[in-house]
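Before anything else, here is the set of structures, which you'll find just below.
After this come two complexes, each holding subunit A, first together with subunit B and then together with subunit C.
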Partner chain A sequence: MTLDLALFVVLASVIAASAIGVVVSHTIVRSAVFLLFTLIGVAFLYFLIGAEFLGAAQLIVYVGGTLVLLVFGGMLTSGGPFQTLKVRRLEWLFGGLVALAIFAALAQVSLALGQRPTTDAPLPPGAGPLGVAFLTSHLLPFEIVSVHLLVVLVGAAYLARTRKRAALGSEDSASPPNGGTP
Partner chain B sequence: MLSTLDQYLPHAVAIVVAAGVAALVVFTFIGAAAFLFIWGERKVSGRIQDRLGPTRVGKFGLLQSLADGIKLVTKEDFVPAGSDKFLFRIAPFVAFCAAFTGFIALPFAQGVVAQPLNVGAFFILAVLSSEVFGVLLAGYSSANKWSLFGGVREAAQVVSYEIPRSLCVLVPVCIAGTLNLNTIATQQEGFFWNWYVFHDPFTFVAFFVFFIVATASCKRAPFDLAEAESELVSGFLTEYSGMRWSYFFLAEYASMFAMSALASILFLGGWHTGLLPFEPATAFGAILGNLVDVGVFILKGSTLVVVMMWMRWSLPRLRIDQVMSTCLEYFVPISCGLLIGVCVWQLYVPSTVAEGTKYVLAFGSLAFMGVTLVAAAKTRPTPQHAGAFAKP
Partner chain C sequence: MIPLSYILILSAFLFACGVLCIATKRNAIGILMGVELVLNAANINFVAFARYVPGFQMDGQVFAVMVIVLAAAEAAVALAIILNFYNNRNTVDVDEATQLRG
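This part shows the complex of A and B:
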């Protein structure tokens, strides 16, 4: 058994175990923590096959951004401390069926791909070739995603804007304007 | 090292041994650095507040951190009754692991790096930004309102300050044309006007913006809203004690050094002294030269850390809405402008003007520093403070 395979087995079992943890945890923040381990494990898988840029992007986007926002949202919106999630039997059944279907599809695709990439294989393209590809051969999808993100940003700013009319309507006209606090 | 080990061990074992040694070296460095920085912080704060700081334990109180460490180890490992015990226990380690992982891609000299990465700058930003997760978990799992407020503030602050921080890193990366920290530092070899901070007006401003934003993302005062002991008891640290508490501090000092080291690689020439026209590693032989390089690099990083301490004890804390608006209304637009500016400079400014600007900025800063130092040396303490610096 090569080192490559041994590291893969360790990482894959960590990923699988924490993925199960995400599903069986009862509070949303605990699920998020297990999701953290899953995502970090996947990032390390990318590092293992030499896709450094993809791994770092996974860390900065999902761990540093999405998960923090997820926990942040959970903390701000929960009704009480450590609110537990109750899952009904029907939801288990339905969720399990969907998960099985996705697993079957993924398994079929990855088996069709053939061999697992190893560290001996030529390295995937780094940041330079990726950037050139984004601005030349893949310009249209890149721009579509950019515009999509811009729309989301504008929408978020619209939802979070200071409501001037509401502030004027209140009797306390000297109240400080809503700062940048979320 | 890997090639030497390969002669005696199977390749797979050699890799594992080399990785273990590298991790041990990094861990020792973080421990030693935190040991000295905590002592330094107490000394700096003492001097700024007209005190002496620690003097009793060892020469100049140097062993103060050791005494603190022994005290912390012997404290009870306390977990509050209503808390989420699992999350409460792992939160300090999440914070520490993030800070530790950043050091893996940090080159201390030409090739002296645990794992050379082609996207080193991006990787360090990515892992250091996940340090916030530990703080957030600590705040949430303590089941305490002060902790929760601290955690929420930290999340809001770090997520916003990440944007100007990444944009400021992009400014020198635009000039270097690579994310590889080793290459970026090598490009700044030679005299100090080759450093990227003096490359053009935009990088000059970018250095200061990056430093302020990095201070904020290390949750250091004047941006330490997550702790804010005048409002939140100790913020996310309220319920922590003993070893777990000290892990947060290890993480804090480690990430302070990591950010300072990143700043010195990107802007201040990395391990180059700026005074020698040649590379010490080639002139003095591999071992001695690399030792000089590592020394210079650690000195540069530590100087920036001391500046962070100096800022902490000189400036009052901002309010949370001021922290957020400073980021969103000033730092984000400024750093976007800097990024556009540096691209335009690279494309359209003739090379003679660019060369001239380099010298003007470098010698202008040197002259400014000289004038400030002379003025500071000439300042005499006022009569009522005359005894402040005398020995007791």
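This part shows the complex of A and C:
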């Protein structure tokens, strides 16, 4: 067993175990902590495969941005400490069956793809060629992402603004929380 | 060198976990976490093929960067919607979301 394979086994077990932890943990904060380990494991997997820029981007954007957003959302919307929502056993059964079927189908496809001879291609290009590609040959996805980010920022700001006004209005008129429309 | 099918099976497992998370969680933020798992699984596939398929090296990484950015944007908008829903209904249980104008 080479060093690459050993590192991959360790990383894959960490990723898989914490992904299961995200699914089965009851409180949202525990799910967030398990998701943290999953995302860090995926970032290290990118480093292991050889895509350093993507690993760094995963660490910065996912671990530093998205996860913090999720944790803040969990804190802002929790009714109390250790609040949980009951899930029926039937839902677990059906969800598990669907997930198992999807995993079986995808694993079959993966094994069939693995049968093909893969060339040991040179390492994927680093940050420099990637940046040049973003401004020359892959300009369209870059622009699409830029405009999309702008629209998303405006939309999120708009949603947050109306929310604030609705909360203020319902406080002033002392109306029931689900009745008042601004 | 890691075999390609190992990485693909890990990604399939992550995808199945995400689907299970989406299907079973009742907390809206838990569903968002399931979506993040699914997007990460897709991203692992992109990066793996960028590593092992010679003609796909640049495209795979560009797609992966796009997915990361879109996931961050999706989380921001979804969180704004969830906070709005929480302010209206005082809960984040998605089973309570049965009306468009709550």
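Just so we're on the same page, the second predicted complex is superposed on the first by the 135 of 182 C-alpha atoms of A that agree within 3 Å, B and C clash if a C-alpha of one lies under 4 Å from a C-alpha of the other, contacts with A are read in each partner's own complex, and residues count from 1 in each chain.
Definition applied: a residue touches a chain if its C-beta (ideal position, glycine included) is under 8 Å from a C-beta of that chain, and two chains touch if they have at least 3 such contacts.
Fair warning: this is a prediction, and the values are worked out from it, not measured in the lab.
Novice: Applying the document's definition of touch, where does A:92 land relative to subunit B and subunit C: first, second, both, or neither?
Specialist: Second partner only.
Novice: After the superposition on A, what does A:52 contact: first (subunit B), second (subunit C), both or neither?
Specialist: first
Novice: With both complexes superposed on chain A, which partner does A:125 reach: first (subunit B), second (subunit C), both or neither?
Specialist: The second partner, subunit C, only.
Novice: Check the contacts made with subunit A and report whether subunit B or subunit C touches more of its residues.
Specialist: Touching more residues of subunit A than the other partner does is C.
Novice: Is A:29 in contact with subunit B, with subunit C, with both, or with neither (first, second, both, neither)?
Specialist: First partner only.
Novice: Given the touch rule stated above, what does A:107 touch, subunit B (first), subunit C (second), both, or neither?
Specialist: Only subunit C; A:107 stays clear of subunit B.
Novice: Would you sort A:63 into first (subunit B), second (subunit C), both or neither based on which partner it touches?
Specialist: In the superposition, A:63 touches subunit B alone.
Novice: Looking at the overlay, what does A:14 touch: subunit B (first), subunit C (second), both, or neither?
Specialist: So A:14 meets neither subunit B nor subunit C here.
Novice: Which residues form the common part of the subunit A surface touched by subunit B and by subunit C?
Specialist: 2, 53, 57, 65, 69, 72, 76, 181
Novice: Hey, which residues of subunit B end up touching subunit A in the complex?
Specialist: Per the stated touch rule, the residues are 11-12, 15-16, 82, 84, 86-87, 90, 94, 117-119, 122-123, 125-127, 129-130, 132-133, 136-137, 139-141, 143, 148, 151-152, 155-156, 158-160, 162, 178-179, 320-322, 324-325, 327-329.
Novice: Given the complex with subunit C, which residues does subunit A contribute to the contact?
Specialist: Subunit A residues touching subunit C: 2, 4-5, 8, 12, 15-16, 19-20, 22-23, 28, 31-32, 35, 38-39, 42, 45-46, 48-51, 53-54, 57-58, 61-62, 65-66, 69-70, 72-74, 76-77, 79, 85-87, 91-92, 94-96, 98-100, 102-103, 106-107, 109-111, 113-115, 118-121, 123-125, 129-130, 133-134, 137-138, 141, 144-145, 148-149, 152-153, 155-156, 159-160, 162-163, 166-167, 177-178, 181.
Novice: Within the complex, which stretch of subunit C touches subunit A?
Specialist: The contact residues of subunit C facing subunit A are 1-21, 23-30, 32-34, 36-37, 40, 43-44, 47-48, 50-54, 57-66, 68-73, 75-77, 79-84, 86-93, 101-102.
Novice: Please give the residue numbers of subunit A that touch subunit B in the complex, ascending.
Specialist: Those in contact with subunit B are residues 2-3, 6, 27, 29-30, 33, 36, 52-53, 55-57, 59-60, 63-65, 67-69, 71-72, 75-76, 81-82, 126-128, 179-182.
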